[in-house]
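The same subunit A turns up in both complexes below, where it pairs with subunit B and then with subunit C.
Then we have the complex of A and B:
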């Protein structure tokens, strides 16, 4: 055990901080501390330009292997990169789905052709991705996916029909990875495929969903005879579930480090506000802030413990990783509540019309979704109890 | 940066766990409740033979010279079996305190601690009472701003019953000759570090206790049937257990971090310890509450072993600084002007 950074790592820190300091200026200045969770709708064009700027400096995909265009940073360096990125106030990444999910999944499960075709666009910050998992009838019961994919021999294409929902950033994305049923007679986890779909085509329609924040980050996505090249299915038809679950492992791995630093910025804002408006004099508020601080530290330590314990190359993490989603979602929801209590009576007053929420108000509303998307807290507890603790499985009701 | 334990540390943990689980059965603990002292000198000799009483004693005094970080996993195992003997207290509090005091006192007592011939305990005002004073040969006692050393014949004891029948607590007054071993700032610093080490030991034991309660409850809810199936299959039951599992898993990293921080004498050690103590004891308390619930009425009986671990967990939560004490320490740390917080202060 060694809980400190080496001199080399600290030198890397100086390099990251120096680059951000020199480049997060001018047209990008206004992006500082913007674009995080609940704020993803802001400055989309400027943030896309920022992705390319990052790429020019070699600061996208820092943890990817060099052979795939990454910077091959160690875990320590990735920790440091995310820390400095947050400290500089650099904006929420519009490329995070491609970098954190698509890329690692293709590196682990994709064909050589897929890697060649898709990885460079992610590294260069030019191609953005979204995730097509949930459907109206497949939320908590994700395996109940109904979107169908049939192979058209004449066109040499997979043809997709169906609907996805809660698709974050679909309106900005160039591509979507989609799980769809390749075997129409199959049920549950079997008979699924994992497809890479181009968004800009006649068979794909995107409709934004207005959220309780009054803004739209996620969408409905309709596939009506949407096309997908024969070589753009990851793994074989029928392997979709395996690939989809591998991807979720990446979601709970290194990409957590960046998320935690966004949380840190939010918490810092709450602490600063509590000091300014006097809420910090209330002993109960002090203790709640102390607790939030301690728990965020623990999330970080736990991620580092998990990552230094090493994950498999297929994205699989140790059993400990099962608990991450439940913990951070619950913590973040609590932070939203704490932020409102720190704001006091002013928490209901908007900055401006029409429906212009400030960052903390927006966060407070947004965090209500945290304990729902990506597996509700209730589903997480089932998984933890059954797979983590080995408790008896709930009897499944067979669909008629 | 590396958050893992070495192969040696993990192997040692395994072998100590095997020994403790075999020896310190619930039946043996219940038998100790019936004995006069509640302590078993034959067992202490066995612990000494395994090198455990001398783990943290410097090699020059015949010990193994191991650190708090080496011992923390063993303290978890002591918690797992609810070991009544004061091993964690001795290794994490009394021995390091004797080492810090140094001089003749250390020369005289540390070799005997290593061999298991003598027991030393520390009494801090934070704890109100002194645990295991009745079996101690030497007592290191906080008296206001001073720290004094007194041998067993120089103190008088009044036994106070604990809710945990395994705990033996005493009000100690010095009746005979006692030597002042530290005063003023030096005493304060020794008291502070002893409190931190004691809190680390309580936190580590709380992790083990929570794990034990989970194991007992997973077993029980897998066996017990109602409505034609194991009750553990019901979400209402398994969610109780999942909440405990999450709380426990997240408490491990801060405890290990605190052990590292103390072992490396980091300036933030007290802060790290407070975080560890809060989280570990919260996990153990939640385990106690939820595990008794999923046991149903059986969990409320003296006969079922669950309460052995529950009661120890409650005792740990309020020893070496209760939750209020440690929360206040964390809050004060955060609200200090210029505190190292936020990005870049990961290990600050």
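Then we have the complex of A and C:
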């Protein structure tokens, strides 16, 4: 075991930190520590400009291969990049879905034409993406999607009808990748297609969802005879589930260290507050803060294990990777509760009316979604028990 | 950065696992734990003579194998999994570390040499009966008498104290308080005025003793380090031991999880295995989460301990890494042991099934060297007690 980074990697760290320090200034100064989960609605135009600034410096798609416009950074360098990015307080990325999900999916499964058409816009920070997976009837049971895609021979287009939900950044995105049913008589994970849809067209309507924070970062997206070019289906009709699941496998944990740096920023704020308002003298609060601190440290070690380990070539995850979502989501939800208990009665008082939450209040409310989206804690436990421990699968009830 | 075992470390771990599966089955554990001695001397000689485990992290200059603390942690994890009854923890994780950290060159050459060669058993005694496990727990005293030192007092919770051939004891200068005045002394168990007595324990697989010192007079050669300045060294030894103990706890977590998955996959009720119920699967998933998180904690702590003992920039993290590992692993082990017993149902409550052995070890190792709340308070002091408005 070896925990230190090489001198070359430390040099890279200096380079990243230096660039961020020099560029996260002026018009971008106000973006510091903004735009993360729960705060996605802030400064959309400035954050889009920031994407282009990053691209100019060559700091988008750092982990992509060079042939596709990436920086071809090693795992270590990617870790360093995400750590320094978060340490500098650089804003939540509006380009993360394209960079983290669309790009790797197209590199793995896409046609040459698709790569040529879409990858450059992601690298340059000019084209943003959103994800069309969940539907009102397909949440935990994702394979139950009902959105339909039929091929119109005359127009040479796929025509989509249906509804997606919980689509973050849909109102900012240029494109959406969508799973939809190409075989109308199919059920579950068979008969699906994976489509690349242009958002700016008459057949696409976006409606924001107002969340418990009073803000909106998720949306409903309605497809009413929406069009998709024949060459913009990834894989063959019927391969959609394979592509969709492959995409989920690209989240290999490199960005988790950056996410943890954000958690650290939040915990630092809670600790500072506890020291200022006297909560740090409460023995129970002390125990809870110490526990949060200890578990966040271990979260980092767990990610280091994930990154050093070998996941299965079939996309299967090692045990430390299987438990990661359940662990961080539950931890983060607990941090929200701790933050309010440290604030005490002040936790009720808002910065301003009608509903101006401060950062910790907003975090406290938003983290309730952490244990729900991306696989609820209950679904995570099923996955851990079945894939990690080999326990029996949930019985399937056949649809009538 | 490579946060994974090397191939050689994996080989050491797998060899240990295979050996332990052979020598430390349920029958063997039960036979040995029923004795006052608490270990099988023939097996200990095999471990020392054939496997050379007692010498694993002792430098070659003192006759050891010259491997590191990551290897010690990997071994302790396996010993915890197989609940090995042996003086390994007391001898290697307490006494050897004390010699490495605080011993003079002469003391190291002499005692580490004996340890490596003959399988000498040894332990550390410091706690006079406190649940704080810090310097305040040291109540035994020393005073000078010419060139000699005279020691008085008693100790509780001394792991293998009744069978160890060598005792390393902490005492404070008469009249000193807190972290001042503390010294470590080397006492062969046969030294006049030293008596030790077995304390029967709920967890029979780990033996504890009380040790009494009654006007024990020793020469300067028994003193480790500088008189009165031993606390920082002892604190380091206790942190190293806590990391080893946490590793043992992770092994116990893994064994309980494996046993529980196996049992619930066989046990049929309502015409299905109980492992097919979500109420059971979700509890097992939580057990796996805690086990893996605990494992990440001890692997990092092992790397820190390695550098604390043999040099490196991570050394400064030792107190925090030890407290993080010991608090998380203590809580995880006990929670998993409780859940395991629940999922085994009635049979988990019997003496016949092994669950209770681990359930009892979970509590005894949680309390040993400080439980979750003790170590979290240590973390809280470091985190919160600077710049507080009072």
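The criterion applied here is as follows: the second predicted complex is superposed on the first by the 388 of 400 C-alpha atoms of A that agree within 3 Å, B and C clash if a C-alpha of one lies under 4 Å from a C-alpha of the other, contacts with A are read in each partner's own complex, and residues count from 1 in each chain.
The rule is simple: contacts are C-beta pairs under 8 Å (C-beta built on N, C-alpha and C of every residue); 3 or more make two chains touch, one makes a residue touch a chain.
Here the structure is a predicted model, which is why all the values come from computation and not from measurement.
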item	value
Three-chain arrangement built on subunit A, subunit B and subunit C clash or fit	clash
Partner chain(s) touched by A:347 [first = subunit B, second = subunit C, both, neither]	neither
Which superposed partner A:261 touches (first subunit B, second subunit C, both, neither)	first
First (subunit B), second (subunit C), both or neither touched by A:381	both
Touched partner set for A:245, first subunit B, second subunit C, both or neither	neither
Contacts of A:13 with subunit B and subunit C, given as first, second, both or neither	first
Partner chain in contact with A:159 - subunit B first, subunit C second, else both or neither	neither
Touching partner for A:326 - first (subunit B), second (subunit C), both, neither	both
Which superposed partner A:83 touches (first subunit B, second subunit C, both, neither)	first
Touching partner for A:188 - first (subunit B), second (subunit C), both, neither	neither
Doubly contacted subunit A residues - partners subunit C and subunit B	1-5, 9, 76, 79, 271, 275, 280, 286-287, 289-291, 293-295, 297-299, 301-302, 304-305, 308-309, 320, 323, 326-327, 378, 380-382, 384-386, 388-392, 394-395
Touch list for subunit A against partner subunit C, complex	1-5, 9, 76, 79, 271, 274-278, 280-281, 286-287, 289-291, 293-295, 297-299, 301-302, 304-305, 307-309, 319-320, 322-323, 326-327, 378, 380-382, 384-386, 388-392, 394-395
Of subunit B, residues touching subunit A in the complex	1-6, 69, 214, 218, 221-222, 229-230, 232-235, 237-239, 241-243, 245-246, 249-254, 256-257, 260-261, 264, 275, 278-279, 327-328, 330-331, 333-335, 341-344, 346-347
Touch list for subunit A against partner subunit B, complex	1-5, 9, 13, 75-76, 79, 82-84, 86-87, 261, 264-265, 268, 271, 275, 280, 286-287, 289-291, 293-295, 297-302, 304-305, 308-309, 320, 323, 326-327, 378, 380-382, 384-386, 388-395
For the subunit C and subunit A complex, residues of the former touching the latter	1-6, 9, 70, 257, 261, 264-265, 272-273, 275-276, 278, 280-282, 284-286, 288-289, 292-293, 295-297, 299-300, 302-303, 313-314, 320, 323-324, 327-328, 373, 376-377, 379-380, 383-390
